[in-house]
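When the chains are written out, they are named A, B and C in that same order, and each has its own residue count from 1.
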Amino acid sequence: MTKHKTKLIAAACAGAMLLAGCGKKDETLKLFSWSEYVPQAVIDKFTEETGIKVSVENYSSNEEMLAKLLAGGGAYDLIQPSEYAVQAMIKEDLLQELDQAKIPNLKNLAPEFRNMPFDPNNKFSVPWLAGFVGVVYNAEVVPGPVVGYKDVFTDEHAGRIVILDDARETVSWGLATAGIPINNVTDENLATITPLLKDWLGKVKVFDSDSPKTAMSNGDTDIGIVWSGEGALLFAENPKFQWVMPVEGVHMFVDNLAIPKTSQNKDKAEAFINFILRPEISKMISDEFPYYNPNLAARALLSPEQLNNPASYPPGFDVTSAQLFTDLGEQASKVDELITTLKAQ
Amino acid sequence: MAVTAAAAALAAGPSPQRRAGLGPWFAVTPMLGWLALFVIVPTLMLLVISFCERDGLGRIVYSFTFENYTRAFDWKWLKILGISVWYAFLTTAICLVLGYPVAYFIGRSSERVRGLLIMLVMIPFWTSFLIRTYAWISILSQDGLLNALLMTLKITSAPIGFMYTPFAVILGLVYNFLPFMILPIYTSVEKLDGSLIEAAYDLGARPARVFSKVVLPLTQPGMAAGILLVFVPAIAMFAITNLMGGGANPTIGEVIQNQFTKARNQPFGAALGVLLLAIFILSLWLSSKFRRSEQE
Amino acid sequence: MMDASLLPPGRRWWLPQGPAVQRAFFGGWTVAVFAFLYLPIALLVVYSFNDSKLNLYWTGFTTKWYGMLFGNEVLLRAFQNSLIVATATTALSVVIGTSAAWLLYRYRFPAQQTLGLLIFIPMVMPEVLMGVSLLVLFVSLGIPLGYTTLIIAHTTFCFPFVLVGVQARLQGIDPSLEEAAMDLGATPLKAFWLVIIPYLLPAIVAGALMSFTLSFDEYIVTIFTSGADSQTLPLKVYGMVRVGLNPQLNALSTMFIAATAVLVIASQVFTRKKTV
């Protein structure tokens, strides 16, 4: 009787496995990431080692990712939200809790990145790369000293400035200059900084979030407020492009990996997360993107040039002092309208 | 005189329309079905969304509101719309002037050369839009080729800032839309009867007169098509204006795009889109009414 | 040589007049416009041999980007996808656009004017609106995102371009063309196929060229309606902007243009041989 039973169970299991195969269970890991933010070499190495195939789809903004995710367009296993998007998604219960036992390499992260305000103890997300927004200027043309936002928007620089095409960022610089906490985006505070922003935006020549370094390299602008990765690329190209962390207050952004609720491949996703936390893999990521690597073990492997790039690893900068964005919710619309209106003047 | 009359008759010939029988109805069903499913339904969805609200995450909340439309009828958005229309108008006009002679030349060329030339018009645009635009940026930028050339030829002594100006924007727009003006005009020119033009010359008319009285009226459908195919898409265009203009002058296309991304306000974006559609359909309807009354 | 007294007053008989001048003027204009069209392309080709990655200064001649391109599976796959989608879109757009233009012209349908206006909606509608609304439509219909949805989306905004071009060519068509064919015993369908289509061919070709170009380079609608296996070239390219456009793209574009140009010239050569 037991012999028959085991045979039946074995047959049932075999049948189930066959059915599972026939039912086209998705064996590939579906990665939904920022365009070009995950080096192909990293993906290839992961597939080589684990045999898990990875399919990649890209987006170019957090909101685009949210729009496609919420519309139900594709059950993704891994997404790459920025810190405020993680916060919003946790609040709306859109992420799966991570099984930290499956991600032992978390220990490689610097302690300040293990307990960030938007996701304490890495319950739902793991930092990928961090970065700052700061001032870059052409030291051959701009005499300096340049220490903060106010030194950017001077009359001498009118028409020679490039800034990020990001309404939230711009507003945060205005708030920082006015001494208001950057996450206090109320209507009154927006009204307070409007004259300041109006004056600033009138002097800007180029708004570019994708490749602000172009305007700097081409000589069309001399000074700007850009992502630290852009600043690092400029510095590596030519040390005449100096980087400054604004004295009014710096904020940091953190891009993370997270697993959406709709994912069916949680363990594979966790395997990938664990994989990229390895020092040599994380180093590969840093080689391509000179942002701030939260992985201490990886930082130990970086070259002196990479570590000495003032835009990637600002000397003497206390990371814990940097402010992070919180999710704006409906205020995002007001912020966008303000900046668009001021641009169109 | 006889020539112009003949030309006019050919240009304004009425279409011999018959009532649609079973066959034609069957044949037109695929297009109707396509239109219904992939054009009307999405448009209706947009209409619905434009009357909705949204939550903090940007998801749509199905509760009826007029606020998106009351917000849209504000001078700040209308000003941006006006700028977009103005850019589109300039682009269309310049494309028409630049493109017509090219279309005419190609259309009147020998058959062998014609096909080759018309393909050559389009081939540059089978490169990626971004690398083309970045090539222009490297030509027009301060340290770029144009300035280098001007300074070497001693025409200027200091570099001129061509990039991130309205000039750069119009240049980028004209560059990208030129083939869409040349191709439709070419199809009208190609069927021109050479003997008509020869006759005009034999009667002693100057080239300018031949052109204005014979050629232009006959190619009017092609010109109208070209104008439509440039002006209409140009209004909602924003990638070019953003890259070449440095983002300093937002266009209505960019505003709508922002609503769906950074501003997380899809209903407002939908409302703006519906308004844009309404403006279009209204002007198309008005122009067709105008054309009809002209013919009568 | 014309008798001077027959010339209109004021015309200078010693200057070349008429068609020759016209042709020279237009020819020169065309050359200038082509130079304008091909200037950035020439630059692009030159940069594909530039040693520097950032494409700003010439640092040396190299063919390494071409070599790297052949190993770049992701980019080549994206290019292939773009070709597939653009070709299918063009085929569909030509069929729908041409037949629709002819049917609207030839037959009187109820609500004809409304139909005419509806056709313009995809041209007017900003791409992000079309992308989002089609995404919602596909999801609610349960169609998985991939080649099919992408081709449908692209065709929807491409076919009006074919339609408008064909409509323009139909205006002023000689009505006796179709009548003659039918007098000789052809059915309306046969008349359409054997007589009207050849007449419309330049407009169809023009429409096809425009459709292909639009589809090949479409980014925004593609973002919302493509699946993981149908990532097209524009999606990859736009992503590259942040880290600097890879010269492999220049290499790819150069080869594509060169291949197309060779094909076109070769086909012209063969047609010439046929007429001999």
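Remarks
Operating definition for what follows: contacts are C-beta pairs under 8 Å (C-beta built on N, C-alpha and C of every residue); 3 or more make two chains touch, one makes a residue touch a chain.
Fair warning: this is a prediction, and the values are worked out from it, not measured in the lab.
Averaging Cα atoms per chain gives one point for each, and the point farthest from that of subunit B is the centre of A.
Ranked by C-beta contact pairs, the top interface belongs to chains B-C. Rounded to a whole number, the gap between the C-alpha centres of subunit B and subunit C is 14 angstrom.
Averaged C-alpha coordinates put the centre of subunit A at 37 Å from the centre of subunit C. Shown for subunit A are the residues that touch two or more other chains, namely 64, 67, 217-218.
Subunit B has residues 134, 138, 143, 260-261, 266 in contact with two or more other chains. Counting partners per residue, subunit C has 56, 132, 136, 238, 241 as the residues that reach two or more other chains. Within the complex, the subunit B residues that touch subunit A are 54-59, 76, 79-80, 83, 134, 137-138, 141-144, 159, 161, 163-164, 242, 246-250, 255, 258-266, 268.
Against subunit B, in their complex, subunit C makes its touches with residues 6-8, 11, 17-19, 21-23, 25-27, 29-30, 33-34, 36-41, 43-44, 47, 55-56, 96, 99-100, 103, 105-109, 113, 115-130, 132-134, 136-137, 152-153, 155-156, 159, 161, 164-165, 167-173, 175, 188-189, 199, 202-203, 205-206, 209-210, 212-213, 216-217, 219-220, 233-234, 237-238, 241, 245, 249-250, 253, 256-257, 260-261, 264-265, 267-268, 271-272.
Taken together, the subunit C residues at the contact with subunit A in this complex read 54, 56, 74, 132, 135-136, 138-139, 145, 223-224, 226-229, 231, 235-236, 238-244.
The residues of subunit A lying in touch with subunit C in their complex are 30, 34-36, 40, 55-60, 64, 67-68, 71-74, 210-211, 217-218, 229, 233, 237, 288-289.
Those residues of subunit A whose C-beta lies close enough to touch subunit B in the complex are 61, 63-64, 66-67, 70, 88-89, 92, 159, 162, 165-168, 204-208, 214-215, 217-220, 327, 329-330, 332-333, 335-337, 340-341, 343-344.
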